[in-house]
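You will see chain A twice below: alongside chain B first, and alongside chain C after that.
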Partner chain A sequence: MRFTITRENLQQGLGAVAGAIPTRTTLPVLANILIEAEGSEVRMSGTDLDTSVSVRVPAEVAEAGAITAPAKKLQEIARELPGSVELSAQGDSISISSGRTRFKLNGLPRDEFPAFPRVDFEESWKLTGPDLQRLISHVSFAASTEETRPILNGVLWQLSSGEMRMVATNGHRLAKMTLPVESSAELTAVDLIVHPRALGQVQRLLGSSAQVEVARSENHIGFQGGGVQVFTRLIEGPYPNYEQVIPKDNDKQLVADKGALTAAIRRMAIVASDQTHRIRIALGGSSLKFSVETPDLGAAAEELPVEYDGDPLEIGFNAQYLLELLRYMPTDEVRLTFKAPERAATIQPVGNEDTPDYLCLVMPLRLLS
Partner chain B sequence: MDTTPDGTRRILLADCDSYFVRCAMLADPEGAGRAELLIVGGKATGRGVVTSASYAARKYGVHAGMPSSQAMRLCPGAMLVPVPGEMVGRKHDEVRAVLDRFSPVVEAASVDEFYLDLTGTERLYGGEPLEDTARRMQAAVMDETGIAISVGASTQRMLAKMAASVNKPMGVFVVPPGREEEFMLRFELGDIPGVGPAFQESLRRRGARTVRDIAALDEDTLAAWLGDSRGRWLHAVAHGRDPSRVHERSPQKSVSTERTFPVDIDDDEELRARLLSLAGETGAALREDGHRGRTITVRVRDGDFTDRSRSRTVPQPVQSDRAIYGVALELLAELRARRRGGVRLLGVGVSRLSTGDADAPLTFFGPDESLESPRDRTLSEVSDRLRRRFGKGAIVPGRIAPTPPRKE
Partner chain C sequence: MPRRIHVLPEKLANQIAAGEVVERPASVVKELVENALDAGATRVEVVIRNGGKTEIRVSDDGHGMGKDDALMSMDRHATSKVRSEADLAAIRTLGFRGEALPSIASVSRMVLETAERDGDGTRVVVTGGQMAAVEACARRTGTTLAVRSLFFNVPARAKFLRTTAAESRAVVETVTTLALAHPGVGFVLDANGREALNLPPAAGAAERIAAVWGPETAGELIPVAHREAGVGVTGLVQRPHSSRPGSRRVYLFVNGRSFTDRSVVRAADRAYRTTIPEGVYPSLFLFLDLPDGEVDVNVHPAKAEVRFRDRPAVERAVEEGIRATLAGLESTPSIGTRAPQDGVPSFTYASPRQPPAHVREAPGTWGAGNGRAYAYGNPSTPSVPSSPGGTPGTTLPGEPQMTLFVAGAPEALKDEADAGSSIPPIVSPDLLGSAPVMWQVHSTYILVETRSGLLLVDQHSAHERVLYEELMRDFGSGSRESQRLLFPLTLRLSPAEFSVVEEVRGVLERAGFEVEPFGGRAVIVHSVPNPHPNFDAERCLREMIAELTEGSSLIDGARTQHQRIALTFACKGAIKAGQKLSQREMGELFDRLFATELPYHDIHGRPTVVQLSLTELHRRFGRSA
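Right, the complex of A and B next:
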């Protein structure tokens, strides 16, 4: 294998794939990038066995072939090289030269690199990168990071011919967003559960692509667009019935300025317990009263003028969950609805045309006394 | 005068003298009770370390933390007994009960050390000098529990602790208010609690070995040497100022059980069995205090003394043996996947404690019963009751039950 490539193209390819390389691995070849040269392109691929990324960049290929090279070292070298790069492989040894600089790196044969999942893009959904980006960036943060209920570590992605929806939750707070999609063909509706890490790669590499093709096999899902492919193992379902936990009868409604609400909660959070992050909210009239009291630490209180419609209510929340959900609200004003002290509350943006169907839920915390 | 004007703190440390040795003697008055050379902790042939040794045995160079086999080589005539666990717990409670009569604020700093805050009790004691109060306390504890204590007293918590070490055993030492700085000058830096070997070494490299060596230095110099917080702390302590207070029982933060094995265990099946028994002990201790916990930790010490641990926080607080063991088992597997080889010590801990349901976050989908069901909780409670009634071995999981001796 021998090819010449611009430093920019090499860096771009390596940068795209590096995110898929695991930082620690028991299988040495996973720390490597697979480099395949053919025609007028070089394909670089990396995988952590769950998620795989490959990207094609233009190059002048003198001799087709393939090898795997240590990702981190190759990236460091590419960063420091002065100009266009010639890369060749002889046996397991990789030579890199640029100007008057020469490097030799020890690689591993391509046969040791795990095969990529086979996903057939013949039958695929055709979406836009920005749509995907919008869904992922508003929802995937809510997935669980605890290992006790693996299904909640994934993001539920529901695709049907007219719309697509993502839902994620850790059991205590939930985010859900739906967008209309124009499908090219009638496709049967499907529920996919995808790890947020893979969606992060999709967002990073395909978020601005005009068209992203999405296809699935039995156990995997693939995304491709603009020379980039991302594959990931699907998490096996079923996903818990989230529809059933979305409150339909929350009869108390609050509209507030997101900035003011966030600032007040942040102040309360300072003296909240660092285990429960519990703060108390008292609603009634046209004001919202925050208070927090943590034994052995201290107390705080604050009052915020708001539009509130409903009977008085006292309810406890994990301040961190509220702050997190507010951070993802795309508008300056937000609407919160409540039913009772131990029932789920909702948070929604007010007046956004961009993301009309965005809803977050949060479970309260019990109040002591 | 020993009594202090209003506002001056009167803090005492009651430190039990060679506590584990005393307990061992009280537990076995005919055997250990008569041995002059007595070492507590570990086994002569196997492993484990010395927890404590009688003053006579200490003269041979035996000290706490030393491998027991080495201690027996140094002092071959000594009698070696295991830690009398039950007696240690019982005497702790008894000593505390006596001390509780002397002060409303008693904090157990460890199994054999108690801080008492007598601030504001001057009138209660009718102006009795603090030294006399300390002597009465010492006599009462000895009379009622058979445990000897040394008492240190000062306006500062740490100084009280250091004062208790001055006249051991059965000593009383009161640092007169206003003379704290002078009192500190007699010590080496290593005598200050919190100044460990590495800290001492970094001071020694700069030519400081005793409190006197650093007493003349200003705060900024020490801060430049040792970093801001450590430097300022040492400066304050060297001048007899320690701001910490005596707390009544601080809330418990974690419960754990660990075991050092006689020989390293390499077999995974055997380790899992040990883990099961440790998880059960930790669970029982947790439930005894009426607690539940959300974070489970497994700790191992490898054969080469590398300490490693892994923790996991579960969504709902748990308390049953099954839940604790279930998580601990996964953690052990993760630890073993990282590094195999013999395990010298294994431990199971539970932290992020709560009582009752108040702190359990509400969930959309209801509690996850795969981790712990009401049945698991009931099962654990019932086993606890059986053990309280019939002893610790009354009910054990089948996997770790001792095989009954076969009839010949």
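Right, the complex of A and C next:
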């Protein structure tokens, strides 16, 4: 194998793949990057066995071939090289030369590199990178990071002919967003459960692509667009019935300024318990009263004028959950809805065209006695 | 008609009194040794033959008696110790009734030799209560009392004496008890020609205990020093994790006098609650110090029991004192030598600088030398850690880096070292430096640098203690925060489990589990507590219900339903071994652990913390710091 590549192209390719390389692994070859030269391009691939990324960059290929090279060292070298690079492999040894600089690295044969999952892109959904990015960035944060219910570690992605929806929850709070899509083919509706880590790669590598193709096999899902491919293992369902828990009769509603709300809650959170982060919210009159009281620590209170004419209500929440949800709200004003101290509250953006159907909900903290 | 009632002859009266005071050889030894101690002896020698049935001889180097006193001492109610009623309320001597000598003399052949000054001695021989001879003899200052043929004239009583071995054991126990109360006095006990005890004068109770039972036993003890509402409590109690079933030793003293009292012992056991498993009782060596008039020792002829004017105050002082001791770092196990504890207050009975029990261990063993089953990795061979990965390239020794500057440490380092050494060692919770670095090993233990060395914390045990105390506190304050669930949990239960849940539903709810029947034997859980981010509520609740249904050594010792729930919740809900923790989480666990009452003990009677002192590290590396 031998090819010449510009430093920029090499760096770009390595940078794209590096995110998929595990930092610590028991399988040495996974710390390597697979380099395949063919035609007028070089394909670089990396995997942690769950998620795989491969990217194609242009190069002048003198001799086709493939080898794996230690990803981290190769990236460090690429960063320090003076100009365009000639890369060649002889057996397991990789030679890198640029200007008057010569490097030799020990690689591993390509046979040791795990095979990528086969996903057929013939039957695929087609959507735009920004749409995908919008879904992922507003929803995937809500997935659970605990290992107690593996299904909640994933993000539910529902694709149907007219729209697609993402839902994520950890059982305490939930984020849900729906976007219309122009479906190209007659595809059956499907529910996919994808790990947020893989969605993070998709967002990073394909978020600005004009078109992203999405296809699935039995156990995997593949994304491709603009020379980049991302594959990941699907999480087996079924996903809990989230629709049933989204409140439909929350009769206490108000609209508030997100910044003011966030600032007030942040202040309350300072003296909230480190363990439960519990703060209290009281609705009534035309104000939203926040308060917190933590034994052995102290108390705080704040009042925020809002337009509200419903019944009074007192309800407790984990302040961290509220702050997190507010952070993802794309608009300056948000609508809050409540029902009762033990029922879910919802937060939605107000007046935004980009995210017409975005809803977060959070379960209250109760004070049991 | 003859009168039915008459006054008893003196000899008979003494024999009857002897029935109360003198029961067996051990009680004779007790009376005689107490007399010796009251006479200011610095060394007491006891010799018994045939378990004391043949002969008991007690010699002391006390102040002795002149001839008149020696004769007088044989009279009933003749004593040097009490003169007026007022004295009786302020008794500081061991004897005071004036009954012992005449009582013993009436049932034995007694020889009293005593001298106030060297040479001028008096010998008094009494047989069965009859004065047989009074003569001068030569003797060093002090008194020797020989009691032979005990109960020779009371055959009924003699029949009740037990075997030589049993009577000898009782005498050893008696002398031991007196020796504990008077560590400054040397004791020698010769039983049937064999030296049963040889206790040189000691600096304190700890040293005395070490002399009686060996340094290992003394090393398991931690000092108590507490004063509350006029009641002083000092002494030594066993570390919870050293306590084992059936090996308990209890010695109680009030104002230097031994006594037995079940409710004081129960108060001590209350202090240990949750730090030791059910059925295990710690050894106690407690010395109470009460003002005159607060304690009446004149209840029982043998003075085995005492009466406290304010018993609840005494019990509270004992419980609080031991509780305070168990809350200290001293109550944890340590690897090798402990750090010197400058903060420990000095007290009368126990030496604060007791010889460390493990000092004589062979180097290279990590604290497992006393035969207990704590596994600190591989106890006998602290081997070089094998390098992970194991590719040949990484194990080659690297070429040494040439240094530019050879002599002198960098200034910054020097400053740091100086600052470190100038900080006095402080006991927790300030034992950590300002920004402690914590290191989690095997996702199970947390290592923290302290000012006096290193602490190893078992994350699960530590969290158990935290959760238990926090839940008990929340039960007390009446409220608990609970996270409502988006997807309520449904649990299907066995009939037995279901009825247990029905029974404890109210308490479970106060613990944060909102549980409701859900038809059949299923229950639905609407909200759960959230003690840590990786909390598995369903598994925790399932395991709790199973434990509550089947019972366990942990919860069977609980006294209330609330305690049962708190114990099982702490055990099932705590962070598991194997759970990775972030620096922040470790820091928070530490803060919360040291906010508890007993941070060094989990709820099963295991330690939460093991310490490795800088002293021990220096010792192992051969540094003489």
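Note that in this section the second predicted complex is superposed on the first by the 366 of 369 C-alpha atoms of A that agree within 3 Å, B and C clash if a C-alpha of one lies under 4 Å from a C-alpha of the other, contacts with A are read in each partner's own complex, and residues count from 1 in each chain.
To be clear about the criterion, a residue touches a chain if its C-beta (ideal position, glycine included) is under 8 Å from a C-beta of that chain, and two chains touch if they have at least 3 such contacts.
These numbers come from a predicted model, not from an experiment.
**Student:** Have a look at chain B and chain C on chain A after the superposition and call it: clash or fit.
**Tutor:** Chain B and chain C clash in the superposed model.
**Student:** Could you tell me if A:Asp274 is touching chain B, chain C, both of them or neither one (first, second, both, neither)?
**Tutor:** Touch status of A:Asp274: second partner only.
**Student:** Touching A:Pro58 in the superposition: chain B (first), chain C (second), both, neither?
**Tutor:** In the superposed model, A:Pro58 contacts neither chain B nor chain C.
**Student:** Looking at A:Pro117, would you say it contacts chain B, chain C, both, or neither? Reply first, second, both or neither.
**Tutor:** Touch status of A:Pro117: no partner.
**Student:** Under the stated touch criterion, which partner chain does A:Glu342 make contact with: chain B (first), chain C (second), both, or neither?
**Tutor:** After superposing on A, A:Glu342 lies in contact with both chain B and chain C.
**Student:** Is A:Gly284 touching the first partner chain B, the second partner chain C, both, or neither of them?
**Tutor:** neither
**Student:** Mind working out whether A:Leu365 is in touch with chain B, chain C, both or neither, as first, second, both or neither?
**Tutor:** After superposition on chain A, A:Leu365 lies in contact with both partners, chain B and chain C.
**Student:** With chain A superposed, which of the segments 59-67, 401-409 or 419-427 in chain C collides sterically with chain B?
**Tutor:** So the stretch of chain C that bumps into chain B is 419-427.
**Student:** Just to be sure I follow: which residues of chain A are touched by chain B in one complex and then by chain C in the other one?
**Tutor:** Residues 146-148, 169, 171-172, 174, 240, 242, 245, 275-276, 296, 318, 342, 344, 361, 363-366, 368 of chain A touch both chain B and chain C.
**Student:** So in the complex, which bits of chain C are touching chain A?
**Tutor:** Within the complex, chain C touches chain A at residues 477-487, 509-510, 512, 514, 526-527, 530-539, 588, 592, 595.
**Student:** Where on chain A is chain C touching in the complex?
**Tutor:** It is residues 145-148, 169, 171-174, 240, 242, 245, 273-276, 278, 295-296, 316, 318, 342-344, 361, 363-369 of chain A that touch chain C.
**Student:** Within their complex, state which residues of chain B touch chain A.
**Tutor:** Counting only chain B, the residues touching chain A are 251, 312-315, 330, 352, 357-365, 368, 370-371.
**Student:** Residue numbers of chain A touching chain B in their complex, please.
**Tutor:** 146-149, 169-172, 174, 240, 242, 245, 275-276, 296, 318, 342, 344, 361, 363-366, 368
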